[in-house]
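To start, the structure itself, in structure tokens.
Per-chain residue numbering starts at 1, and chain names A, B, C and D are given in the order in which the chains are listed.
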Amino acid sequence: MQRGSRSTLAAATFACVAMSLSAQTPAPTKPRARDLGLPIGGAAGPLDAITDVSGVEVGHTTLISGSGKLVVGKGPIRTGVTVIHPRGKANPDPVFGAWFTLNGNGEMTGTTWLQESGVLEGPIAITNTHSVGVVRDAILQWQVGKPGMQPWGLPIVAETYDGGLNDINGFHVRPEHVISALDGAKGGPVQEGAVGGGTGMVCHGFKGGIGTASRRLPAEQGGFTVGVLVQCNYGARRDLRIAGVPVGEEIPDLQACIANHDPIPAGQGQRRPCDAPSSTRDDDDGAGSIIVVVATDAPLLPHQLKRIATRVSLGIGRMGGWGSNPSGDIFVAFSTANAGAAGGVDTVSVRMLANAKISPLFTATAQATEEAIANAMLAAETMTGANDFRVYALPVDRLKTIMKKYGR
Amino acid sequence: MQRGSRSTLAAATFACVAMSLSAQTPAPTKPRARDLGLPIGGAAGPLDAITDVSGVEVGHTTLISGSGKLVVGKGPIRTGVTVIHPRGKANPDPVFGAWFTLNGNGEMTGTTWLQESGVLEGPIAITNTHSVGVVRDAILQWQVGKPGMQPWGLPIVAETYDGGLNDINGFHVRPEHVISALDGAKGGPVQEGAVGGGTGMVCHGFKGGIGTASRRLPAEQGGFTVGVLVQCNYGARRDLRIAGVPVGEEIPDLQACIANHDPIPAGQGQRRPCDAPSSTRDDDDGAGSIIVVVATDAPLLPHQLKRIATRVSLGIGRMGGWGSNPSGDIFVAFSTANAGAAGGVDTVSVRMLANAKISPLFTATAQATEEAIANAMLAAETMTGANDFRVYALPVDRLKTIMKKYGR
Amino acid sequence: MQRGSRSTLAAATFACVAMSLSAQTPAPTKPRARDLGLPIGGAAGPLDAITDVSGVEVGHTTLISGSGKLVVGKGPIRTGVTVIHPRGKANPDPVFGAWFTLNGNGEMTGTTWLQESGVLEGPIAITNTHSVGVVRDAILQWQVGKPGMQPWGLPIVAETYDGGLNDINGFHVRPEHVISALDGAKGGPVQEGAVGGGTGMVCHGFKGGIGTASRRLPAEQGGFTVGVLVQCNYGARRDLRIAGVPVGEEIPDLQACIANHDPIPAGQGQRRPCDAPSSTRDDDDGAGSIIVVVATDAPLLPHQLKRIATRVSLGIGRMGGWGSNPSGDIFVAFSTANAGAAGGVDTVSVRMLANAKISPLFTATAQATEEAIANAMLAAETMTGANDFRVYALPVDRLKTIMKKYGR
Amino acid sequence: MQRGSRSTLAAATFACVAMSLSAQTPAPTKPRARDLGLPIGGAAGPLDAITDVSGVEVGHTTLISGSGKLVVGKGPIRTGVTVIHPRGKANPDPVFGAWFTLNGNGEMTGTTWLQESGVLEGPIAITNTHSVGVVRDAILQWQVGKPGMQPWGLPIVAETYDGGLNDINGFHVRPEHVISALDGAKGGPVQEGAVGGGTGMVCHGFKGGIGTASRRLPAEQGGFTVGVLVQCNYGARRDLRIAGVPVGEEIPDLQACIANHDPIPAGQGQRRPCDAPSSTRDDDDGAGSIIVVVATDAPLLPHQLKRIATRVSLGIGRMGGWGSNPSGDIFVAFSTANAGAAGGVDTVSVRMLANAKISPLFTATAQATEEAIANAMLAAETMTGANDFRVYALPVDRLKTIMKKYGR
């Protein structure tokens, strides 16, 4: 991309400040993994999204404004928050849940009680690393004001780091942004790419962000649905595999770079100008993180949901993640079955899928994770943020050519 | 005890070689904790035993033979094996279960699958440290030969170390001893003290072994029963508290000693003759271990049973255990509720007690653990074993006096 | 206490709004556990405080204002924040650390990375349940502004619930309160009782809050120090034991009550007027939580600090805690040894205490936990807060009488 | 393979009964992964084996005898035991270690103490599911008889299930087989395929068993070596990927079958005759297990080795494993650095690699796991065992063709 095109990009990208994107009509211009026929395995649900699990609602607030030099507290801003209501925003009935971490260089609040109780009360939120606190307290504020919701809680809030593109130390996510995402969440198609908490994220050296996918088991395996949503900000370029194909090795160029000829700011010294010739070095080295939310309607108990959350690692491994030291790879899984049970106050009856029937859900979880990561990269557009740092989108045409080269 | 009385003791103690004590009539001469009115709290079930949980069966094989100098492979033998069938020996229906460890210097096989599946398949066995393997494989042999049982498995076998009193490197527990305990197990009163796996154990510097107790919740708390069985081989004398009273500090004497004037064998150098004057030093320093099995009929799911197992630590702490480095303090909990569910092969219905109602079961678990430890010490008689090593029984009269001194 | 004396209490108590108490001269009028000679065991360091571990600094901000009827967002306010700098506020060198939870009905942020890395970077903070977020983000703000500190992070912030005495849904803790506590932290004696994060807390039905204690091992055990600080808000009255003595059973009265004759507000229906006759019912049922911070100068590695954190449970069990379902009993342990190692960027040399020598540190941890809990209750004064809810202080004279009755 | 060739196969395969294969000259006729140039990534050490980590020794005892109809207790026998001495059989100095489980339908004894202490004392052994006990106790017997070794212990013994090819309920592994493997272990090249504990194993529907591989980091990453040994018995055929290529989908035939026209025995009803036409159905469904041992000379502490063990999952995910419900996927990792430290009895000095430098070891672990699995399948020959059950070897020529088809 030439420097001359930058202002056009900015004009398009910066328009939607603090707007709940769940209320927007998504621009369906970019293909998703299934549009490209990527052979990841398994059959998706109708939306190929976490919202294929009945009741699940997703809301985003996306914050994009400013350009050029970073001024802490001013911008540029490339961040936001994404929320997931397991049973929808109007239904505070808790769900059974569990969590797992592949590499714990990150935060997910609320996991101590989730582990102890097996119960997930309230929404899940994902934001940037330095906004976990404000998002957490804002969820409590939101609950306190809603009749029928418990006026206290231990919210689940996770994060990945967007300090490359975003003025993360400006603390731009505010309580009203969180409440807007909570109230604006809905079912149906989910906006992907550089939206919500995923706005400023980088995945395998390409522009990342939010991605989603689902798998629906055949009737003879119970017909259950597994839906996954990722906030994708992890991985080295060289390690990226899609459906087993070494896509990262095939696209060593299009590395993140500084889009402006002006002197590169102090502390950015390792970054190279976009128009320098040697742009194939892989600077990123797998830093970053990935948060994965798994929803299912299969009647799984907490200890079984722990097993589900553990399988997310397998999908990440297949994409080329190693759970690198700087990465916060943290996963949460919940089941929308057993309405009324998790929040019961006496002895209740619950349905449990036998362990002997659980394996197809493991496969579905790993496959949906793979596809959600691919979808995050496919949906995102090239973005230029703080200090003119630019991260390129995964080029779809080159991806198609590479898949063909490797017989897929 | 005078040295002159030793042969009499031996004659009485060594009689029952390789006999399944579950078939014996217990000699009910010694008081239990509740006979003494020790104020541990809570109300016991009718037997004050793990067998108050309906269906639970316990079997012991006790191996006692020989006296005097240790000859590896010959004896003296002071060991055995104790088994617990969650639903009785004739009912292979699995139960929900979980485990926890306070200090892991010990072995409990089968815990990896227990943790993963939440299901406990088959019996639980407790033996000495070096007989875990033979007991494990013998359980498989036993299962293979029984119609209706799964012809494979991952048995739960735990241990504590009896190398002070027993020729542990003689490997005297044999498959037939295990099978005898498995087949001889029964409900009803449980033999305590120096029996089964607890035969050669030492607890807070007194003779320990097997102890059991139970708690029954009042009807308004669900009326559930919690039963505990311990194999008690842990703790320093000085730290022993019973119902909050510093019993160990009050009985600094009656330390384990060598009952014979002959030269103390090499490697036993720290041990003192029983008739030496300065027998108040506490050599043991908390070495040893404690295995605790918790049964309940409350309808708890695996993640809730994990919570139950965790509370065993509280009972041990109240008795004066610190989870010392050489101690293997490993606990397993199971629920006999939900018959047919844990081993189901499709979606099943299960009952679950709400977390909001679980706290009384936590208290009951800690209290029954305390009382089972006290019962183990109260039941055990003074024993002299390998190399004339002698461990004294907790003296009941002195205990009564001490309790009175401290207002209890 | 008579109703007429209430205004006097308020005048004294409400004076210190948003003041960092670490800069105050403590009022040393109330005896601590060691002043009373409570036989908890072990020998304390010179301060009997977490600050006996060299380098550790503690800061409090206490927020007390208003009285009478609760108006959300106005008050009454009875809350605050307490911070602990492992190596002092001026030394950002990380420490090795670990955590454990007895019952996870609570929050401690930052634990995922602590578990993964074994490293604790930055301060630890404790506040009320609904202020975890603001405290967390404020720590990041503080770090960002300090040269030499990492301009990002995953702060450790824990909480207990003060919604009985405090307008918790008023979200009164502000970033400046956190920064004040961080900057005002210091070594030396630690203010205890209703201060900092502990301001509005209730412990075994008495006024609780912050308590601290230490143990110093004899030279032949290495001479190491273990320091503990608790924010104590857990436990039922009836279960309280001090040094094994059933203090809670002996003081069934002095239950929390409503100090004002006016109609008790809606939602407070279970509370009784202070001047009603039947004030011996134990309403609290063990709700609440306890956060415990353990510091040591012993050269322990992360997996050994996990063992230390686990032993905190034993101290709580000895005091009469059961890890009840509504309780968030979460513990963090760190070692100030091995300066420069935990934050190293290449291969470093570290000192490690052999596991074979660790047991005395386990005992010290449990004992210091017991004493810190006792100190929290001994230091706190009777407090009246939101909706005239009153929580009484543990009466020292009665405690002395009870200890004597039980021979201690 | 034609039925006529069966007797020849048997003659060759059944010759080596109870012989320690570590003393044999391996027959180097089959290519390994690196001979085929499979693009798994990273650079192997000289042996491409776990023994590239200096000091590590491996021993096998392979038990093969009998053919035809299964008679429990007689055979056919297709089993054995493999042992790994972290520092060689003559050096009992413990190592730092840790473990992890992806799916816990299996056994690894000794893990409770490994987790607690961070120390791995003694050898690691792998055998069949029903021989864990005898192998465990035999290791103790072996230690007891060796001067300088501790005369007690908590051995690490893991297993996978060979009940398809082997008379597993005949309990054919005897103590002398274990001692032979322990004494015969050595460094240098490691025999792979159907040897030792891997003798009767099946991997992705092909003949599996023991495989090994290594990775050596470049000098600028520390020059450390990671060695992996697997006992491979997991996975469905359809899911097998090698270097991202869907090899399993390309070889739907060569499914396990009954080699004899005689009636298929009861209980084997789902198995098909080898000469039936429809042999492309994938019966196995991912049952089975995989045990993985990771050795490194990098100076890692226990909490870091836990991280290493966790990354094994990623390699399995890349090969097409999902951690299926019937699979025991259990991993142990140790470091041979820090000689003398793990077994120290006082404060010792240890070297620690900074977390910031650990990521290349994560990648190396996953890559070596992938290559070791491939090597296990490449080394194994077609085997016919109990009830004429036949499992085919991965056909090397077809593998080469498939890799080419997919551009690798």
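By our rule, a contact is a pair of C-beta atoms (placed from the backbone, for glycine too) under 8 Å apart; a residue touches a chain by one contact, two chains touch by 3 or more.
Nothing here was measured: the structure is a model prediction, and the numbers come from that model.
A.B. asks: Taking a step as a move to a touching chain, how many steps at least join chain A to chain D?
C.D. replies: 1
A.B. asks: Going by the touch criterion at the top, tell me which pair is linked by more C-beta contacts: C-D or B-D.
C.D. replies: Looking at contacts between chains, B-D has the larger number.
A.B. asks: Among the chains here, which has the CA centroid at the largest distance from chain D's centroid?
C.D. replies: Computed centres place C farthest from chain D.
A.B. asks: Quick one: report the Å distance separating chain B from chain D, using the average Cα coordinate of each chain.
C.D. replies: So the centroids are 37 Å from each other.
A.B. asks: Centre to centre, by mean C-alpha position, how many angstrom separate chain C and chain D?
C.D. replies: 50
A.B. asks: Which residues of chain A are in contact with two or more other chains?
C.D. replies: 103, 116-117, 307, 355-356
A.B. asks: Going by the contact rule at the top, pick out the chain D residues touching chain A in the complex.
C.D. replies: 39, 102-103, 239, 241, 243-246, 285-286, 307, 310-311, 313-318, 321-326, 355-356, 358-359, 362-363, 366, 405-408
A.B. asks: Along chain C, where are the residues that touch chain D in the complex?
C.D. replies: Counting only chain C, the residues touching chain D are 116-119, 222, 299, 301-304, 307, 341, 344-357.
A.B. asks: Can you tell me which positions in chain D touch chain B when the two form their complex?
C.D. replies: Those in contact with chain B are residues 72, 101, 103-113, 115-117, 129-138, 140-141, 144, 151-152, 154, 157, 161, 163, 168-169, 171, 328, 330.
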